[in-house]
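This is the structure I want to talk about, given as structure tokens.
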């Protein structure tokens, strides 16, 4: 297991370094942060001075060597716009994203597993058809549209929930619900497919011959076997949530890493972009590791 | 026994098109889906030339005209947008761009991803490693950053947007294909082909690819919806396709602000996306059966009892 | 008649498929009493497993439907009971074991958990279940039972897994055990052990056993009575001896006649240069020595049978000879050239000479290609063999040669039966006009009657075209009528190598003798003798 | 014109303070969070709206509600000395929120700080081309020597926020100022809280605490005031402004125009530029894509600005005239068929896409070939400001310019002088007028600006001026607050009354 983790860590490190190098150079091709930070009327001298302050006047290779040196000493640089360490900015936002992603994914996984399993148990039945049509529609609706409709209905018309923000637990309900829909639709389908295979497998036949009840057959015998592909998809979906839910964060005023990322990209706040990529990529790496461990826990054949 | 006599029974069999047509008739849902998609494709081809002018004809005094006003011409039945342009015409005209962007992005990412996946699954561990790391990099590259970089460096155009959406989706196909190849290459019929002396290329494209293909088609149809929505989200964030070009995604994004007072602005294009997505899904389910010789009888039987 | 433990009366089961309604079993009746073993004999597609599925309530409805009949357990009709009542009978009064215990045991739970579950599902406390599970595992002869309970199915050998299945089935001392092809995937020596265990346990508990099998040998070995099924109908029933000695139905007669190992043995007399000369082939996978130095010669036009149980390295040998795997050492001279050192381009040319037929034709034929495409692919790869216009003609010719019809060429593999598919695979191998065909368990997956036909076909090809064969099998009787030489392998080594008569009539090695004794003969008298030999062997 | 009068009446009306007032905390929802709360960046709207005159004060203050012009704030009075330098007399008894007392040294320090090369203070841009030398006379008096003489220095000083001496030269995130409020909480991404100071020198405001929230979506901002989650949303969408009791429109000092690049054929021909102007039906936009209350622009600065010229008339909608001009130009060999590209910025202002699409179609009506291209902010900046790209085609850059400062000098140089960073042309007479007007005072100054505005509009046809925009704000009914032209860049909490 340890050597496996090490192998994975090295592979991820290679990807991460490649990613950061690529982002470093490509992002610097996309325009000058000085003219975005300063008003359009700012003189060329002011812009030059801004660039000087942030070392953007140096040749790109010099900037790169300096950045690599700083990163190796644990310094991810200052945000060009916020006058504070980029890493602080990112970890702050990422904490929110992490919470949002983990709560949403737990709910999605739980609900999708139950619904998908039941749909598979009576494949072709009414519940199965209903759930697949609804999940398909859910997956085809733009999320920003859904978010605004949800606010109009639940906050403005019914006044049940706050429109946006982060103050209380109630504030989390709408963003989570809107965020829930698309991964749910995808995972339900995977659970369903995987469960149909598992339920028609030989060991389920054995269990029926042993006189085991339907409940345990579905949720103990079949489900654990069906979980491997499901976990892979959950991982993929969780990874995309960890990258931030830009649209949801924008509409609900949720201070997550997605909005931070898009703002930093549009404002060319390079250090924040790099730090955000670093933090999210690390988180995704850790999550993939967790998924591999989950594989091993679920399936003894992988363990041995 | 001559070539002639062995050829003759083939002529009796119905042609490929008729066979598939019959199989399509056998599945009512798939049939409707196919009709819908064919109509969409026709609209995509002729739409801009037939309705291009009326779709951009503005009438600031007839803004946000509500739908279902049967008094006016049929082109107004879906109402009008914020510049008083008929929504029906705009949806028809937008079909071309929408389908082109989505299809283009899906095709590019599917082809590139599949080829890379085939290579990764079938070549040396070193090449495999390089390709997989590349996939990781693309995977964790923020798609919005890709969008900004490509659109900034290459300029905003339909083609570049296609490129942006395609790049972000490559790893999906790559990883799926690779995983399948790793499994299929161990199957007996691949071994059998190797015993006959088949080249790697032949094994990949003649034996492995056809088996992976159904999975890829399913993936591609699902992606089609994903790409249309991603394109819409890019428009929402202001870096997607830009007016005067139109797509359904852009129409939803533009209609968003009128949600409370003119819902139809974003509803119709949304409906178009949902219907297209569902049709593609139904059709891909059908295709999975129709292109699999082992399953095909299900449709052929139903077809013959119906006909 | 209420005194029978279980009685099946006029049972008919239909399946709704898109091709219409198919009667899987049509009005069959049989019964079994306590302490008795009933065998249901039939080939694939005969519907022999359907009635037992009906007994266990394992038929999915839809698409299945029990259209008529009753299943009486101690006089009570199972088909009229509620689902819950039937659930309580399953496992408790009627238990079942299956072919392929690996897939029938849940891979993600320990075997201890799975045995305990049977007990707790029917009301035992978990402490009781724990001691009982330990006792059962000990009883069926699993070494280190304490530890074994904590292990997972994949950590056991095939025979041990079937023993665990048996332990699990017998946990609640059922009145009836249904064994569906319990030994089919097992090595012959293991098969004998498992059958012996079943018999012992039956004596201990007095349960009734229904054994479902395609193998007349198994019937003879274990059953008291037998019913024979063909295409959903019950065609013959009686005691084992009656049925074997005086079969009434032509189908039964055909089955008995098809049993291998009854014809003339070959007398090889070819002298001269060997076509293939294999020396000291070695192969290791990690630390596992799959082949520990194999050497043999093969004369042109002769058949070498390679026999061994799983893990003997026989399939590895086949793969290495065809360069599907690379050897670690040794040489294989084909017409004076070492197969192992050929460059890819030369290897490509040599592929024409050496072909292979795989065990499972379902797997080895690409399901998405038509028969025509499958066979003509050989000429796509080797374009100099045959010009394209002649392909169709030649495919038709090959199909006729292997006993199929030319208009089959437009079909896909799934539209054929197992035996026909293997014929297609053989036709494909012939398309390259090879001089050596390696058959890796090429008939093992086939029904007995089909086995005989395919072997006859291969024998004919050998005679007509002078093709040499390396024929790999896990069972000795199969190769008896076909091979010139026999090579017995065990754990990567050659145990015995000799002419077919030498090996069968005067086996030199202990292992060879054990293998011969373990194979089951359909003749009750022969079988009794073999059983005696086995006993002697064991003691 | 009538609209202007109505607006003025509105402004006057709101200036009357209520007889009785409660006090309490309020919540304000803004579209965009401040990156930092640096006082010397307070002229940037997302920062200024929070801290300008709330936390950080200036020496002078422009009256945006009435017509009192420049009012004293931290300076009690000021005068221009004969040599052209300015002397400011500072208020006494003022303390910073960190407890230190305010004196002339703080003013000098604040001024030197924005000129420092250790930071990129935005307010420095107002002093481009001048040498300013601040001299402390005594604790409550400071002199500014400016070269060349700067007649509007007191106005410029309404843009310089005062920080205590010793504030780091680098950007700070926690501003210390003399204003009625101090920063008590800033949770990035969520909220900023300002609390009223007990030791403020001036009148104690009714709002005791202000919490700033940030939501990007205008519909959400409007909904928040409706549901009571916020009390003021200074900018909501015109579409959401449906409740007359809470929703107000206000002229917001933003001017939308198409900057013409005169250097490229066919835009170098004045007839073509005039045709562009005649082809657009500006009136049709009002009340449709542009809210009622918006004004048709004849200058880049809105009406209350010094020197705004009422005699300059909006171009009529005259497609025939435009066609004729184009034909004339074409007859003279001008390549009028060259495709012209409109560059616009996504989400620059409400309905920007629709407005630009409409303009494109109106221009095409009269025979122009027009492409429309939307770009994001960084790319837009590349088109808008010099240096312009070589090899570009004829471009119209749609842009929005904000001048709520009462004097055209903040606009004219940048947009029209030969050296202006966003200037699309070079005209010696324009340069001369700008130079003279900048140096002039009083009526002379107003007259020169008026002359320039008329010349630019009628003779040069410098650009396609479109609208002075109005914004919409939603204010809870329990508050007494009317937004002003300056609300976009500054939101003084002390002007908010609680009913």
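In order of appearance the chains are A, B, C and D, and numbering begins at 1 in each one.
Please note the rule applied: a contact is a pair of C-beta atoms (placed from the backbone, for glycine too) under 8 Å apart; a residue touches a chain by one contact, two chains touch by 3 or more.
What you are looking at is a predicted structure, and each value in this text was computed from that prediction instead of being measured.
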item	value
Innermost chain, where centres are averages of C-alpha coordinates	A
For chain C paired with chain D, centre-to-centre distance based on mean C-alpha positions, whole Å	87
Distance from chain D to chain A - Cα centre to Cα centre, in angstrom	39
For chain A paired with chain B, centre-to-centre distance based on mean C-alpha positions, whole Å	25
Distance between the centres, which are taken as Cα means, of chain D and chain B, whole angstrom	47
Sites on chain B at which at least two other chains make contact	148, 152, 259-260
Sites on chain A at which at least two other chains make contact	30-31, 148, 152, 250, 266
Pairs of chains, among all present, that meet the touch criterion	A-B, A-C, A-D, B-C, B-D
Contact footprint of chain D on chain B as seen in their complex	56, 58, 60-61, 63, 82-83, 148, 151-152, 156, 238-239, 242-244, 254, 257-261
Sites on chain D touched by chain B in the complex	218-219, 237, 239-240, 242, 284-285, 288-289, 346-347, 351, 353-354, 356-358, 360-361, 372-376, 378-379
Chain B to chain C touching residues, read off their complex	1-3, 6-7, 9-10, 13, 187-189, 191-199, 202, 206-207, 210-211, 292-294, 297-298, 301-302
Chain B-touching residues of chain C, taken from the complex the two chains share	18-19, 322, 324, 347-348, 351-352, 354-356, 358-360, 363-368, 370, 377-378, 380-382, 389-390, 392-393, 396-397, 406-407, 409-410, 412, 414, 425, 428, 432
Chain D to chain A touching residues, read off their complex	35-36, 38, 43-44, 117-120, 122, 124-125, 128, 170-173, 188-190, 213-217, 219-220, 223-224, 226-227, 229, 376-379, 381-382, 384-385, 410, 414, 421-422
